[in-house]
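What follows is a single structure, and I will ask about it in a moment.
Letters are used for the chains, namely A, B, C and D, taken in the order the chains are written, and counting of residues starts over at 1 for each.
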Amino acid sequence: MDETPFDASDDDAFHDECGVFGIFQRQDAARFVVLGLHALQHRGQEAAGIVSHDGAQFHVERHAGLIGDSFTRQSVLESLPGHAAIGHTRYATSGGGGLRNVQPFFAELSSGGFAVAHNGNITNALTVQRELQRRGSIFSSTSDTETILHLVATSGARHLADKLIDALSRLEGSFSLVGLSPKTMVGVRDPLGIRPLVLGDLEGSPILASETCALDIIGADFVRDIEPGEMVIVSESGIESLFPFQKRKSRFCIFEYVYFARPDSHVEGRNVYEIRKRIGAELARESGEPADVVVPVPDSGVPAALGYAQEAGIPFELGIIRNHYVGRTFIQPGDAIRHMGVKLKHNANRRMIEGKRVVLVDDSIVRGTTSQKIVRMVRDAGAKEVHMRIASPPTTSSCFYGVDTPETSKLLAAKMSIEEMRDFIQVDSLAFISIDGLYRATDEASGRNPHAPQYCDACFTGDYPTSLTDLDAADNVRPLSVLGGNV
Amino acid sequence: MDETPFDASDDDAFHDECGVFGIFQRQDAARFVVLGLHALQHRGQEAAGIVSHDGAQFHVERHAGLIGDSFTRQSVLESLPGHAAIGHTRYATSGGGGLRNVQPFFAELSSGGFAVAHNGNITNALTVQRELQRRGSIFSSTSDTETILHLVATSGARHLADKLIDALSRLEGSFSLVGLSPKTMVGVRDPLGIRPLVLGDLEGSPILASETCALDIIGADFVRDIEPGEMVIVSESGIESLFPFQKRKSRFCIFEYVYFARPDSHVEGRNVYEIRKRIGAELARESGEPADVVVPVPDSGVPAALGYAQEAGIPFELGIIRNHYVGRTFIQPGDAIRHMGVKLKHNANRRMIEGKRVVLVDDSIVRGTTSQKIVRMVRDAGAKEVHMRIASPPTTSSCFYGVDTPETSKLLAAKMSIEEMRDFIQVDSLAFISIDGLYRATDEASGRNPHAPQYCDACFTGDYPTSLTDLDAADNVRPLSVLGGNV
Amino acid sequence: MDETPFDASDDDAFHDECGVFGIFQRQDAARFVVLGLHALQHRGQEAAGIVSHDGAQFHVERHAGLIGDSFTRQSVLESLPGHAAIGHTRYATSGGGGLRNVQPFFAELSSGGFAVAHNGNITNALTVQRELQRRGSIFSSTSDTETILHLVATSGARHLADKLIDALSRLEGSFSLVGLSPKTMVGVRDPLGIRPLVLGDLEGSPILASETCALDIIGADFVRDIEPGEMVIVSESGIESLFPFQKRKSRFCIFEYVYFARPDSHVEGRNVYEIRKRIGAELARESGEPADVVVPVPDSGVPAALGYAQEAGIPFELGIIRNHYVGRTFIQPGDAIRHMGVKLKHNANRRMIEGKRVVLVDDSIVRGTTSQKIVRMVRDAGAKEVHMRIASPPTTSSCFYGVDTPETSKLLAAKMSIEEMRDFIQVDSLAFISIDGLYRATDEASGRNPHAPQYCDACFTGDYPTSLTDLDAADNVRPLSVLGGNV
Amino acid sequence: MDETPFDASDDDAFHDECGVFGIFQRQDAARFVVLGLHALQHRGQEAAGIVSHDGAQFHVERHAGLIGDSFTRQSVLESLPGHAAIGHTRYATSGGGGLRNVQPFFAELSSGGFAVAHNGNITNALTVQRELQRRGSIFSSTSDTETILHLVATSGARHLADKLIDALSRLEGSFSLVGLSPKTMVGVRDPLGIRPLVLGDLEGSPILASETCALDIIGADFVRDIEPGEMVIVSESGIESLFPFQKRKSRFCIFEYVYFARPDSHVEGRNVYEIRKRIGAELARESGEPADVVVPVPDSGVPAALGYAQEAGIPFELGIIRNHYVGRTFIQPGDAIRHMGVKLKHNANRRMIEGKRVVLVDDSIVRGTTSQKIVRMVRDAGAKEVHMRIASPPTTSSCFYGVDTPETSKLLAAKMSIEEMRDFIQVDSLAFISIDGLYRATDEASGRNPHAPQYCDACFTGDYPTSLTDLDAADNVRPLSVLGGNV
C-alpha cells in the first residue's frame, strides 16, 4: 500500500481523514498547534485549520496544503493570538467543497463562541442534517462536524458541556473530538473509542492530540489515553472527566496499528512499531517460505519486514528504494509514458534482488494495482522467486468510521480469492496474516473473540459496530448541491 | 471626491457597496451575469459572486477582485452551468471577513435551495442575528444577507415567497434584492425604494439589475423600474408582481444621481448624466463666479462641469488629466516621498491653467484631503484664482443604507463651516449646491419638501427615513468575533 | 481607436512600446523611478524594469504587469537601493520572450557595469546581431537593446561614452536611450529625434524622462528637451552635452501628438492637449457637417472633439461612456456571446444621442473593427445621422520606429478608399484630417514640406526617414529560436 | 547529517549541486527528461531546466521547485516538443540569482544553436570570465556553465565538437556535461572523472544521466560509465567516443558513495547501497562497542547501520522515525519555540531506545548541530548509552568540485579533535571510519594509496586534485554585482 496518490485514477491506498490537536493555557498556543499538526501530518495532508482564543476573541485560519507550507508564515501565525488553540488536519477527496469543509468549525452560541474539530465519521450525519434543515438550520459545508455544531447550537441545555452531550448523544459512528470555548477546551471520544485521542502535558499546559508523536515533537509528556466514551473538560480550575454516554465495550480501530498511526506513537498503551514487527513475526510463523532476502515495500512495510526477517532468520535488505521527492502535484507526463511501467516512487535495488528468492512485505492490498507494479519491478530486477506477505488480513469491506476507502467493488479482496489475487499480482506465493494472528500481535493472546471482538475490524470482517443510518437511507445521503464550486 | 483608494490612510471617498444582476431562462445564464456585473463594477470592485442553477443543482463561485480578472476564466465559467443565475459585486472594507462575506448566500431550505444577494443595508440585522443565535442558528459570515437567509430558513410559512415576505417584514433599512430558487428568480425593493432595481428583457429572458447600464452591455431592453415595496416573482409562467409590505412614500437615494450611478444609466426614469449637467447649471446660477475656464475633477466631476460651463458661458477644458493605470494595489513608495505631494492619479494640464481664473467642479467633499491636494496642484500649475464648486450639499451625516461612509467625525462638513472649509482647502471661493437646487436638478421644481422629502438625503440633512436599531443598541452591534481571519 | 485589447483577435489599436525614466544623485532613486514610470504607464503596460546603483553595486528588478501592482511592494523597493536609477516600461506582444526581454539590460564591461534602456526601434538590430554572434557574442534576449549593449561591450574604445557613441553609430532607426554606469547617467536621442526625451530637475537631481508628465508627478521642473542627436552625460561634476552623430534634420514622430503622448505633457515645446484640440478645430474647418451634438470616442478622442465642438459651435456631450474597470485580463465570455455586440468598454449614453445628428470624433482607425462596433452602438441608441471625424490622416503603412502596428495588410486604410471605409463602418459621412491640416495643428503654418518633411509621418505617407535593413534582409530577421519558452 | 534545511541558520548538511539527463532520438524526449530528473531529484531540489529540440527549433523551460511540482503541468510539457532533450536539476544557495542561473544554458553559435548543462564546478570560471568580458562577452548569469558556453562561442574552431574541446581545455575543476545541438547530443566528463556520468539506452534511444537510477525509472538499460576525460557525440549515425584531453589518473569523488548518490544506483561499477553497508561493517570492525541496538539516523544512515548491525550481531531497529512531510518551506514558528528542541523531522521511537545502549549511525558530521539535537533527543528518550558512529572520515576541508559545503571555519572537524567533538555532541563514544577503511569498503583492498589516491577525497584530506585558480586570485572572484535581484 502506498500513501501518496499520483493522480485520481491511480489512488491505490487508504487514507485516514484527520488528526486533531489542542493546547490550553499556553502563550502562543497556535504555534504549538502548528507543530502538533505537523507531527500528525500523516493523518491528512490536504488542508488544515486552527482556531485560537485570545481571552476576548476567537481567530480562525484555514489553508490548503501541508502545515509546513501554509501555517508557518509569520502573517498566519500572527493572525492566531491567544493562550488556547485547537487545530485539525485532514485528507480530502478531490472536489470536496474547498476550504468551507476545513475544520475546526465555529459558532456563536447563546452561551458564547464554540469551535469544534473531530477525527472520525458520523454515520447518521446527513439524516440529522435533513431534520435540522427542516427546522431552519443553514449548513455552510458538507462536513459532519457542522452537524455536530448545529446540534450543539439548537440544544435546549443551558451549559455548553450539556449542549455537547445532548448533541453527541444523537449521533452514531466514530468521533475523537476537540472543542474550544472562551473558558474551556473539551475532548471527547465516542463510546466505542474507534479513533485515538490522548491527553498530554507541557509544563502544566494540558494538551489533547490524536497520537503521542504530537506530544513528542514539542517535548510534552504523555499523561494517558482519553477513554472510550469519556469527555474531559479542561479549564483554569483543572481537568474534569465525565462519562456521559451509555457504557459500551471498546472497539478501537485495529487498522491504526497496521497502517494509520505513526510507528513511534503509543496508541492504547502499545508501541505501534513493536506491534508491526510482531505482525511480521506472526506472518513468518503463519506462512514462512524459504527465501534469500526479506524486502519491505517502503516506507509502511518496513517494521513488519524487520519482524519477519528476524523471526525467519533471513537477511533484511532495502531491495526497493523510495523516492520521497514525489511532491504534492506529480502528474504522470503523458499517456504514452504511463504504460511503460514508470517507477516514480519506488525503484528496485537490483543488486539486492537479482537471482534471489525474495519475500516482499507490504501492509495491505487495496485495489492491487500498486502491488502489481511493485512485483513486476522486482521481477524485472531479476528476482528468482517473489513471495508476497501482507501485514493485514484481506480488506473486503469499506470503512465508514473516518477512513477514505474505495467502494467495496474496487477492493481486490472483495472480488477475488487469495489464489486469484496471487495470480493477479503475479507472485509465486501470497499470504495475508490471519485475523487471529493480527489480534495476537496486539497482545490478544487468544486471538479474536468472535462474540465480542476486542477491536473494530469491519474492513476485514464486515462486522460494523454501529448502525449505518445514512447508508441505509440512501436517498437522504445526497450532499448539499450547492457546495461544489469555489465557495 | 475620488473613487480609488491608494491606501487605507488616504481613503477620501464614498463607496457604494453593491450591484446585483440576475437573468432567467437563458442558456449560459452565468455568462450574462458576468457581463452585467462588469457594467455594475463601479458599484463595488473588491469581490463578486455568482450562483447558477442548472435545473437540478446550484453552483457557486466567489472571487476577490474585478469581474474581468476573476470571472472570465474558462474554468470559472464552466463551473456555473444553467439557465438561471444571479450575481453580486461588492465593495468591502479591508479585513471584512474574506470571501465568506461575498454574496450571493445560499441555503438548503425545506422547500429546496435558495440563493440571495442584495444591495443596501439592514439597520437591525445584528439585533435580529442575536435573536436567531439564541434559537440555535449558526452564522458563517458577518453579512446582513445571511440574516435575511436565516429568517427565510426559520420562517413557518410553507412557500418560498411567503417565507421571504415573512423575513423581509422583520427587517429595517434598505434592500434591493435578487433571489434564485430552483423554479423562480425573485426581485424585491424595500418599501422606501432607497436603492435602485430595474427589470429588463433579453429576447424574452427576464433580467433584474441595479442599473440600466447592465442591460445595455448585453443589448437587453429596459422594461421598467421595480417599484418601492414591490416583489416580482419570475417563473416559467411569467412575472408576478406583489406589494406585500405596508405602503410608504418612496425615498430614493439622491446621492445615486450625484455620484453612485453610472452617467449613462436611467435611474427612476431619469438620465443620470443629464441630472449631473443640470446640477452644474444650478451651481452656476447659485454661485457663479467670473472665470476664464471651468475644469472638472475627473472623472466624476465632468458632467457637472460641462453643465456649469454651458450655463456660465465659460470654456470647459480638461485642466486636470487623470491616470487610469493606478491599478488595484498601488502603495505610495515610502514616507519620504509621501509628503512631496505626489500626483499618482491626477496631474494638472498646466497650459490650460497657468495665469487663469479656474472654476474647479467636483461631486462632493468627504474628508477634504483630496480636495486639498488637487487645489495645491492647480495652484502650483499657475492658476490665478481657484474657485471650487461642489455638485452636492455638504455631507454632514453618515449613511446607513449601503454606502461606506467615514464616521461622522471624519466628515469635513460635519466639523467645519463653509468658510472654514474654504480656508482648509485653500480656495478663493467655495460653494456647494443648495439642497433645494439639488432637488430642482432632479426635476423637483419646487425643491425639497421638508414635510415629506421626495428622496433619502440623510447624508446632507441627518433625516434618516428608517429606525437605526443596531446603532441605537450599540452593545449589540459587535460583529461575530471569529470571522476576522482567513476563513 | 481603442487602447486596451480584450483579446488577441480583437486588438484594434496601435501600441507605443516604451517609456524611460532616470534620476541621478537622489536618495532612494528607485522610488522616484517607480513614480516616473507610473506616469509613463500609457507608453507600455506589460512589464517594467528598474536598475539602481548604490555606489558599489547594481541592483535589478523586472516584473510583468502595471508599475502600481508590481513595483510598489516593500520587498521590491528595498531590493533597489542607491542614489541613481533608471527604469523602463514596455508594451510587449504576446509570447515575446518573457521577462528576458524586459529592459533595462545590463553588462559588466571592462570599464565597469553598464545598464541601458531605450524607447524606439533599431531597424538593423538583427543584422548586427548576426555579425556579433559570428564573433562569439551570446544573446540572452530578442530585444534590440541587447544588441546596443553588445556593441558597447565589444567596442574598442576605452571610455564608456566613446564605446556608446561607437555602438550607436552603427545602428539605424530610432532610440531615446537612458544608461547608467557607476559614475554617470547617460541620455541619447537618435539623430532624427523620432521619440521624445526630456531633461528635468528635482531640487538639483537631474532627471531624464520620455515625457514631462513624468516630471510633474514628482514635482520636478522641466529643463529642456534633449536635442535630436544629442548625448548628455550626467555625473557628479554636472551635465555634459555632446553631438557625436552626423547632423540631420529632425523628424519627430507626429503620431506622438495625435495619440501616444499624454495630453498634459509638453512635447518638443508644445502642449499635447492643445494640439489635439487644434486638430479637432482643423477637422471642423476641413470637413464640418451640420449636426446636433459632437461626441468623442473616449478617452483618446476627447480633446479633438472639444476642439471640433468649439470651432463648429455644436454642443459637446459625453454621448459614449467608458468603463475603466475592464482590467488586464478580460476575456469575452464565450463565442455565443461574442457576436451579440457586447459593449465591454463603451456604452452609448442614449439620452444624448437619440434622435440626433451625431459627429463622432476618434483619433485614428486601425483595422476598423472598433469603429464598426462604436457606430453600430450609436445607431442602436437612436442617432439620426452619424458622421465620423478622425483626428489623423489614414494610416496606410506600418511603423518600424517603436510602435506596434498591425502588418500593412491589416490596416483598413491600406485596403480601402475613404468611401469604402465609410461604407465599411456604416457612417453617413467619414473624414480624416488632411496631412497638411495635421501639420498646421502642430504650428507648421504652411503644412507639410514634401521635400523636407518636418516630422516622421511614415505611417501616413510611407516616407521612412531611415533604412530598414532587417526588413530588406528578410531571411536574416528570424529571431532567436530558443527564446519562445519560459526562460 | 540531514539533507533538508529548515531555515538558513540551521543548514547543517552538504548539498550536491546538480544532476543531468539527456535523451536522443525519442518522441516526446522532454517527458523522459522530466522522469530522469525526478529520479535525480536528490542531487538538487531548488530548480530545474530542460531544453528540447524539435528538428527545427530549440525550446527552453526553467522553473523553481521540485520537478514533480513544476514540470509535469501539461502546458510546460507541451512547450518542450521534439525528439531530443537535455535537462538539469540543481541545488541553489539562497539568493543565488534566480532563474537566470538555472541550466541548461543556450547560445546561438555561428554553427547553430547549442545548449549545455553540467554537474561539477569550474575552479577558474571567474578568472576566465574576466578575460572574456575584456574582449566584449556579456554574461547574463553567475553560473560557470555560462563561462563554458562563452568559450565555445568565441572559439575559433569550425565544428561544434572542436569548439567544445577548445573551451573545456581551458578550464579546471570538475564537469560532467551534457550538450545539445540541432544534430547531436554530447556528453563529457572531466579528465579526473570527479562527478559521475553514465550512458544508457531505451529501446535504441541513447541516454546520458548522472546516475543509473535515472535509467531505471524509465526502464532503460545501463550501457556503461562515460570514462574520465571521455567525450561522446551522439548523432543519427551512432555514438562516437573521443578522449581529447591529456590523460590523467581518475579521481572519482568518494563522497558520492558515502552520501550523494542514491543507494540503488550503480556508480563506477559498484552498487552504492552495498558499499554503504560495507562501510557500516568496517565501522563495526574498527570501532565496535558492546550495545543493545543499532539505530540509523534516517534516511541516509540506514544502509551503514544495517551493515554495522549485521557485522556486530546487534539488532537493527528504527529507533528514530523521520517525518517526510516537512515540505519545502517549513519555518520554525518563533524564537520562543526554537530553543525548545523541537523535533520537526526526527522523533525518537522511545520503546526501542529506553534503557538501552544505543549505537547511532550517521553518514557524516558537518557543523555538528544536527548531531547535537539527535543525541539529546535519544538521551531524552531514555538511552542508557549513546555511541555515535560516522560512515565517513572527519570532513575538514571545503569542496570546490560541485558540493555546497560550509566554509572550512564552520566545519566541526576542522575546529575540534574527535574527543572535543564527542564532548560537543555529548555522546559516550564517537568514531569515524578511517580513510583506509572507507577505501576498503569501496573494494580498494589495501586502502588509500597516499602517492596516487584512487579517489578525490579532498574534503577529508585537503588533497585537491586540481588548481583552485579563482580561490587563489581572491580579488577576482567577486561575482557579477548586478545579478542579486529578480532578473
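Basically, a contact is a pair of C-beta atoms (placed from the backbone, for glycine too) under 8 Å apart; a residue touches a chain by one contact, two chains touch by 3 or more.
Given the structure is predicted, the values throughout are model-derived calculations rather than measurements.
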Residue-number overlap at the chain B/chain C interface, same or different (half cut): same
Distance-maximising chain from chain D - centres being C-alpha averages: B
Whole-Å gap separating chain B and chain C, where each centre is the average of the chain's CA atoms: 36
Separation of mean Cα positions, chain C and chain A [Å, integer]: 61
Contacts with two or more other chains, residues of chain C listed in rising order: none
Chain-level touch network, classified as line, ring, star, complete or other: ring
Chain D to chain A touching residues, read off their complex: 27-28, 31-32, 34-35, 38-39, 41-42, 45, 65-69, 71-74, 77, 213, 216-219, 262-264, 266, 271, 273-274, 299, 302-303, 306, 310, 315-318, 321, 323-334, 336-337, 340-344, 347-352, 380
Chain A residues within the chain B interface of the complex: 51, 56-63, 76, 79-80, 99, 106-110, 113, 115, 133-140, 146, 149-150, 153-155, 480-487
